[in-house]
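Note that chain A is present in both complexes that follow, paired respectively with chain B and with chain C.
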Partner chain A sequence: MIRPSGLIAPFPKTPRAGMPMIRRCCATMGRVLLIGLVVGGAMALLCDPAFAAPQEADPDYRTLPFISSRVAIWIIAELHLMFAAFVLAVPMFALIIEYIGYKTGDKRFDQLAYDFTKLLSVSFSFTATLGALLTFGLIVLYPALTKYLVKIFSWTFLPYVLLFFFEAVFLYAYYYGWGKFSPRVHLFLGLMLNIVGTAIMFIANAWLTFMNTPSGIDELGNLTSIWDAINNYIWMPINIHRLIANMAFGGAIGAAYGAYKFLGARTLEEKAHYDWMGYIGNFIAICALLPLPFAGYWLGVEIYAYDQSLGITLMGGTFSWLFIIQAVLIGNLFLAANYYLWLSMGRIAGAERYRKFIKYLLAVITLCFIVWATPHSLVATVEEARAMGGSHHPILNVLGVMSAKNTAVNLLILTTYVSFLLYRRANKDATVSWAKTGNLVQFGIFAVVVIFVVFLGVYGYFVDAQTRIGLSQPQVFSVLFAMVAVTVIDIFLFRGAKKRGDIAWGKIPARAQYALFFLAITFAWLMGLMGYVRAGMRQHWHVYGVVRDTSVDAFTPTLGFAGLVVSITVIIFFLFIAVVFFLSGLSSQKNWVASPKRTRRWFRRAKPADELDAGTLSSDAS
Partner chain B sequence: MKHALSIFGFTILVSAFYWYVSLWVPQKRTEPPEDIAISQDLTTDEMVAIGEEIVAGKGTCLTCHTMGDHSTTLRFPDLDNIGAVAATRVEGQDDVAYLAESMYDPNAYVVPGFVAGMPLVARPPIALTDDEILTVIAYLQSLGGTPTVTMATTLEGQGQSVAAEQAAPVAAGGNRDAETLFTTYLCNTCHSLDGSPLAGPSLQGVGGRLSQAEIYESILDPDATIAEGFAAATGTMGTLLNAVGFSEQVSAQELQSLVEYLSGL
Partner chain C sequence: MNLLVLLVIVAALAALQLVATRWVTVNRLAWMAVWWVAIYLGLAYGINPPLPSSIIVLFMAIVTLALAVYLSADSDELASAVQTVTAFIVEKRFRVALLTVLAVLPLLVALKVYTNLSNPPQPPSSSRTIHPPPPASIIFDGTAIDLATANNPYRELEHTDPAAFAQHVENGRRVYFENCFYCHGDNMQGAGMFAHGYDPIPANFNDPTTIAMLQESYLFWRIAKGAPGLPSESTPWSSAMPAWENFLTEEEIWDVIIFLYEFTGYEPRAQGMPH
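Moving on, here comes the complex of A and B:
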């Protein structure tokens, strides 16, 4: 499915040896040392007894001159998180792609994995620098909170720093060692990079999840068990949610890189390569996006299990309107992903026969999107509220509840899956004897699951709260079942299939590349928004129920203000990413040489001096 | 360069669009709850008024409960008319006892059709004081009934409140050293430091016998584990600590320094 069988020409050459090996190693070690010094310095400062036991006169908070401390930390933390997500995700799918290349012997996969990995080096430096900035920011602006967290988690700092050091070593060995080691050794380096990176994320997740659902402490906030503090209620759900979300985010940024290179490509083979890269990145992003709501559901369950009022603050109280914004974002993600797939079908011979279905898919997606984004209560004037008999719209109110929304999300996921399925079989005709039966069974599974999901959605209106909440699980599992069952059948159905034609990579309109940018920006915005709600649901607590926020920023800001901060963060992130793209692209540029024209000009300008020198020399000589 | 600029412009456009979307929804800034001064000579009307304020604010009751919503999709019982129905919920419990239990031990009885899950409002993060809970009960009684509770009413469960600022190490200040604490809270009247027997076990070498977590537990819940030979003294330490106002006065840092001091013995 992801193999570029119709590639028009060989991939463009990517010179890897712009710099001699020894110089690159020195440069790398210098970077590792610099990053190590920054992170180690921050950690050492945190562990310093003088810091751990500040004087009584130490303030709980400090302020900045032009920006509130909270907004400064918010932006830095979110930028750090975005880069960290990218740096952790890329090695995951680079390793998988490299492995596919190794097993199939297809060098193009190896090249693609290397193209993705090229983005890592600079991104890693950004991540570490932003992480150090965040640490220093917390120490300076929130000394009392930082001191408390240090007291709880001091035991985790040493393994964190060590793992960070190993991550730097594995990352640079994986990148610079491309083609220098045997494939198995190189794959092993990639595997270690992933394991170490994941372990780092798990440790950092313990710190932040503790702030939401603190455990392992007594009522006065004193540590009783470090393991319980780490393994708090939402630690593992966040770990899993972030692993999947990182893949989606990393895939989207990788796709955006492909789109950026595609737009600037000058040759057909370059376009073909970067078109393929964009497609793979998008494929990874959407594959990871599909199970993400289920991981989010588990996270939500654990938040409710820890404290019902915390869960209700999140979903039904202060932040309930945030989930309308989230619905708009995710609806846009699905729309853009499907749009890109439909445009992509234009490069596949034989896809025309499926084009007639697109309008129906679009109708279902739009309908689900509208239902999902329907609020339970409406913002209305007094007259409007009187006319409606309250803040609930007499008709739309029915669509604003979880029964309708869960149904819409599940159908949205299924519809996107159908788009993938059509793309997958666009240029193939099944030749197996049971082809007709197979298609019928697939259709039957879809039909039964859709009816089942809709039935449960409607049934939810007629049962009590406890039963209704339980209905979302069979909805989710039936959709998962449909996707797995239909995929398995499809694999066997199209084994040895007759091809109608090849995929003409590179033959795709520029607007498809903008769909990829749109996806990347929307993913980043969504990440910023959900990062805000994860922290925001604590409201006036730094550590929920333990350390109260007594600063001037203890209030929960409006969603409009939060939206502004997220937008600014996303724009800064993409400015930084532009730098990453630019610097990563330098490695494939030709070495600088003075052009003959420039050389001639220089000689002309330099002539009088040369003549003078020559004259001086000749007179001296004489 | 042209592409880079158009992509950057596109990024700004999309980000601005999402910001615009975030402006469509209701804009509400939520302030942290304010502490309300409660005196002991409040009239019933004053108690009801303060109770109403706490229910909507610090108590965060309306995050989950509704007032006058009788639809079938509720997750928690509606509080409209609670003053009338409270006395009928549990056999043998009057309205005050039922409402008090609903707050101090909310999962002891769960209204049929609903799930357990209400937090203990006397504990952080809500951390209502006993006086605040009395005013909340007065307000709830007024919803369909007549308030009978006064500031002098004694409720079962009182005394377990942990003030939020006490649980917040950031806000705690004015630490005293451990040895001063040891005498201030009269620990030395029952526990010697030199091995000599008093009403309680000697604390000589206690750091070798108990971990810091166990010492914490011995102070915060003295009857959880009784030292061998001191069964007769069960309940004494808790009573004494309450008498000297230990839990109301000691800060987190002080408690920690006391534990560290004892673990070093």
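Moving on, here comes the complex of A and C:
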């Protein structure tokens, strides 16, 4: 058996900060390359006909002591996914922020992008290690399944490993090369990093979506078209859903980092900087959150289209209870995101004018949350069911169906957008001559779109399922239209606006920071939960309808057990993240100096405010 | 809806608002408590038929969260609320009120326990899955039917040969009134003469969440295999739906399906959508 620890051992220590950049890159890249080679080699071995030839002694499954194979793979895969999501997401917005800094010439943006990027290198190593662990886990514990998947996807593993190598090159060049290249070259590196990262995810998504909705194979499971196998029903929907969700997740974790640093900040400058970082992270998370429901629906529709049973298992069967939890979590996401925005308004002079609207926004959010979380099948006692005249409640029924939920989520999105708008204009007074008209037009657009969305929602009750599903599109587009149109008007409306005061970064209550933690944790939980749903809906199949799960774990675990595993995974993930935060913060600590009083401290804290040069936002600008 | 109850609640809220603007100042904490109680009463007593308690708990949890957000979204209001509570606990003039609250809280809990225990015993509420996933294929009369692709063979007649289609509808009507209406009722509301003896009660086909959102092959499976064919999450033993494969032919089942849709005016869910 291959022992990963033995192979990685030749690189004993994490390179110290004092190492020259080039050596640091080489060491880390060497390690990455090694992991890549091991994975690639193992795959090649499996492809080898001699190895793949059936031998009587070859078991289909192997077991682990103490923990079932399934739970082991489940946890490792989920952790790998979470870290991968983070590592793919951060470069996306780091690049955008860096670009803003480049265009506006505002150094703070550059610093912020760098602050986010600092979280990457440790996470990247974790991702790679977990990925290797997952591969080994699959090869050792699920040899037959792995062999089948490798047979189907044989050559796609090569570009995967290659891209992985390029990912490492670009990532470390982007990170260690900060400020060392001309801005354009550096931006280009960031762009390549993103392209390569997205490509990696698309390839891995092909393997995993194939397991749910296999295509491109014949009756016996033999490959007929590799492209069909890759481009199976849910490949694109998952690609898109993940791309956006990763962004939201990455933003939320970045915001949590800001919050963590904010709470520990000693100086006003630090507080201001990390408040801003938290705000930007949250901004990214919400921007990505808004289109997510649409991507989710597309995914759901494709699952249904592939196979009715799969669709019903997902949305109507046992797993529908997990969608209630999903709905509650998503409702919480919207609530917390808005809460953070409202608290943020406390740091802006002039925002008091808009306080009175919070009530109404909250009322709308709460109502939509309730509709969004209303289950379709109810948990009711016999007495209650008799009283309702069936398993469905005549009034709740109205709320439990697609039309109502689509409407609710569209309104949730619009409300969150309004919170943003209020935040944006909090300290501004429009001075353009057409200010009144502009406001009226904006209001008119909102009113018309809200009426339209609600009308379509109600109309949906009077048409057949096919037409109803079609109605969600005009709903989405009208909401998108409203957001774009109002934003455009707003930009012109507040050109040269009179400012009531500046944004006092750092002036925000601590509970807003806890809201950011809450967002990050909720996102991670949601991810774990939905990842389980995606894998679990195959039930006793490894590859749905093709490779049957004949292991001892071929049963669907109870909802409680699944919830427990997901929760434990989330806790482990945040333990890892705590390590990432700690390590990422290390580089900005002052160098260790022997001091008689503090011999027991590992390092010294940053100096108090008066000793810092004024204007330095973070002492780390290597 | 229990309009009377809802009206009383709204009127009480309006009256309080009036009192608050005219005579006394009611702080945000008190308002929140009032709203919480009002919403609870509205959900528990304002809706007819009553909501299952699981739903009330879910909704109230959301409302509680929202109210907490409202209180703490404004730092001044939060500070004043905290001050009020602190004052209530430490200031002498509230001593009697404080003691009353301390005495009443356990009494309320006791009351809740008492009412819970004095209700007649009930089986625990269960999370029965009403529309479980169908199997990939079923054996009907010795031949396998693939449920993912099976279509009602007579559906296309609707456009190609309306007269023949009408015959199938008629045949479906006959099948329905010979076999199904005892349970599902003469207007398909699930309230046939036998219906009251069953738990779960027979499906109401006018309900937009039954046949209106299902494919015809799904109905075929449910009708052919009945309760015994249900997977375990739907607790097959608790449904009275017979397995009609023993009594009806394949054509009769497709016909009665057509009739169900004709009678209710719904369209079956289409199979597979463009990829």
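A few notes on this one:
Note that in this section the second predicted complex is superposed on the first by the 541 of 622 C-alpha atoms of A that agree within 3 Å, B and C clash if a C-alpha of one lies under 4 Å from a C-alpha of the other, contacts with A are read in each partner's own complex, and residues count from 1 in each chain.
In this text, contacts are C-beta pairs under 8 Å (C-beta built on N, C-alpha and C of every residue); 3 or more make two chains touch, one makes a residue touch a chain.
These numbers were taken from a predicted model, which means no experiment stands behind them.
Model built by superposing both complexes on chain A: chain B and chain C clash. Contacts of A:Leu516 after superposition: neither chain B nor chain C is touched.
In the superposition on chain A, A:Gln308 makes contact with both chain B and chain C.
Contacts of A:Ala255 after superposition: neither chain B nor chain C is touched. In the overlay built on the shared chain, the residue A:Leu411 is in contact with neither chain B nor chain C.
When the two structures are aligned on the shared chain, A:Val401 is found in touch with chain B and with chain C. Of the two partner chains, neither chain B nor chain C is touched by A:Ala72.
Of the two partner chains, chain B and chain C are each touched by A:Trp321.
In the overlay built on the shared chain, the residue A:Met211 is in contact with neither chain B nor chain C. In the superposition on chain A, A:Leu564 makes contact with chain B only, while chain C stays out of contact range.
On chain A, the surface patch touched by chain B in one complex and by chain C in the other comprises residues 304, 307-309, 312-313, 316-318, 321, 328, 375, 379, 401, 461, 464-466, 545. Considering their complex, residues 3-4, 7-8, 10-12, 14-16, 18-19, 21-23, 25-33, 60, 63-64, 72-75, 113-115, 117-119, 123-126, 162, 164-171, 173, 175, 213, 216, 220, 252, 255-256, 259 of chain B touch chain A.
Residue ranges of chain A in contact with chain C, taken from their complex: 233, 301-302, 304-310, 312-313, 316-318, 320-321, 328, 331-332, 335, 339, 342-343, 346, 355, 358-359, 362, 365-366, 369-370, 373-397, 400-401, 461, 464-466, 469, 509, 511, 545.
Residues of chain A touching chain B in their complex: 56, 60, 144-145, 148, 218-222, 224-225, 260, 263-264, 304, 307-309, 312-313, 316-318, 321-322, 324-325, 328-329, 375, 379, 401, 461-462, 464-466, 468, 514, 517-518, 521-522, 525, 539-542, 544-550, 554-560, 562-564, 566-567, 570-571, 574-575, 578. Contact residues of chain C toward chain A in the complex are 1, 47, 49-55, 58-59, 62-63, 65-66, 69-70, 72-75, 122-136, 147-148, 190-191, 199-201, 203-204, 207-209, 212-213, 215, 217-218, 233, 266-267, 269-275.
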